[in-house]
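The structure that follows is given in the form of structure tokens.
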Amino acid sequence: MKTLFIGGIKSGKSYSAEQYTLALGSDQKPHYLATTELLDDEMNERISLHRRQRGGEFITLEAPLELYGTLKTTESPVLIECTTMWINNMLYHGRTNEQIVEHIEKVLALPNDLVFVHNDVGSGIIPDNPLARQYVDISGAVSQLIASRCDEVYHCIAGIATKIK
Amino acid sequence: MKTLFIGGIKSGKSYSAEQYTLALGSDQKPHYLATTELLDDEMNERISLHRRQRGGEFITLEAPLELYGTLKTTESPVLIECTTMWINNMLYHGRTNEQIVEHIEKVLALPNDLVFVHNDVGSGIIPDNPLARQYVDISGAVSQLIASRCDEVYHCIAGIATKIK
Amino acid sequence: MKTLFIGGIKSGKSYSAEQYTLALGSDQKPHYLATTELLDDEMNERISLHRRQRGGEFITLEAPLELYGTLKTTESPVLIECTTMWINNMLYHGRTNEQIVEHIEKVLALPNDLVFVHNDVGSGIIPDNPLARQYVDISGAVSQLIASRCDEVYHCIAGIATKIK
């Protein structure tokens, strides 16, 4: 079972994905794979907020880059939050679009129940600078790839998750 | 009855919300609560355009900050346009996120039929500057809060309002 | 038959619109009307990518400005990609909002099966600069006009086209 929650900033995608993962009813405690690098104070604050919100219902893993290597160590359901930040990290560390797509392909081939959280960054004005444009492009391309392999896809806005696949 | 219309710029959310409010079929003439401050010429022009479009079907109220105080003076249905601009005004006048959330909680507890218009600002690329990011965050958080208390929520794009709750 | 596919950057709207146009099952080979001007290398690369993707299933027309004049030369179904870029070209060449709307009105009155692709640029943060704001406004207004005349409208995200009209 693979599922994608996609939506803008503060659209409720994380909360919806967490509730969804907990409701999967696995025998094993679900994992929460955080992709965020601890880069600055604001980010740190956001992360601790997320952590507090999750309470003890998940086992937290951290993988800013190595999604696949981390995911294959467990058979539990895993909530991956979020693939957009992971793409950001991959680009920041010099990975190419091809490497990003290849890596996600390997992740999608894993047998685990996976719940992806992805930030929609493409529905605003097209950014001026080429790097931001490249980011929007690869982010959208990866969202398409993930969605095409998922059994269910939810679009989130204002805290409401609407099933679109 | 509480209802939310959310969508991007020029997504048709205002027009849809106006038609919806008029169709509520109240005995009393509905009110239109404009949250916009008259800050510059472009804004003035937008506002007069909105006013012309509304014709005489609404009684117009203005409340750039004091939503609650203004709303409790009437029992009529009120179209609130828009909560995103109101958040903008509140931040501009030094109010905290906590004060914004508290104020909206009081508004949501009013017995009036309320129709909220909210601008989705979170589905583009994450803004560079921290203030814009803070704005996107609180705007999204308030949209979630409002949606959670609404009986109906509509997502607008290209003039089409799709019921998502 | 008129149809609109609207969505953000890399939302899958082009691919969905292409498949849809091919499935219209016309006796005549469909046309692909490219609105893009060849302005710079990045744009050139995107265009050739699009061309490679389309293979030989479409007859390609190019019309950065003169949509109507080009469309009336054929009775085939035409996929117009995209009206957002066309608006950009029109503004760049000094056309007014009124001229843009008038032109689209003439296009919508044509008897051909038309499939429009439109980029949602309005669901991010409101741009700082007035020109970008004007662009977002006219783009949204045109999307509303097109959608109001279309028999079917699809909202695209993560490669999934959801029928909203």
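Residue numbering begins at 1 within each chain, and the chains themselves are lettered A, B and C in the order written.
What we mean here is this: contacts are C-beta pairs under 8 Å (C-beta built on N, C-alpha and C of every residue); 3 or more make two chains touch, one makes a residue touch a chain.
All figures in this text were calculated on a predicted structure; none of them were measured in a lab.
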Contact graph of the chains (line, ring, star, complete, other): complete
Cα superposition of chain B on its sequence copy chain C - rotation in ° rounded to nearest 5: 120
Residue-number overlap at the chain A/chain B interface, same or different (half cut): different
Between chain A and chain B, centroid-to-centroid distance (C-alpha), Å: 30
Residue numbers of chain B (touch at least two other chains): 8, 120, 122-125, 136
Chain B to chain C touching residues, read off their complex: 7-12, 42, 119-125, 127, 132, 135-136, 157-160, 162
Interfacial residue positions of chain C with respect to chain B in the complex: 4, 6, 8, 118, 120, 122-126, 130, 133, 136-137, 139-141, 143-144, 146-148, 153, 155, 164-165
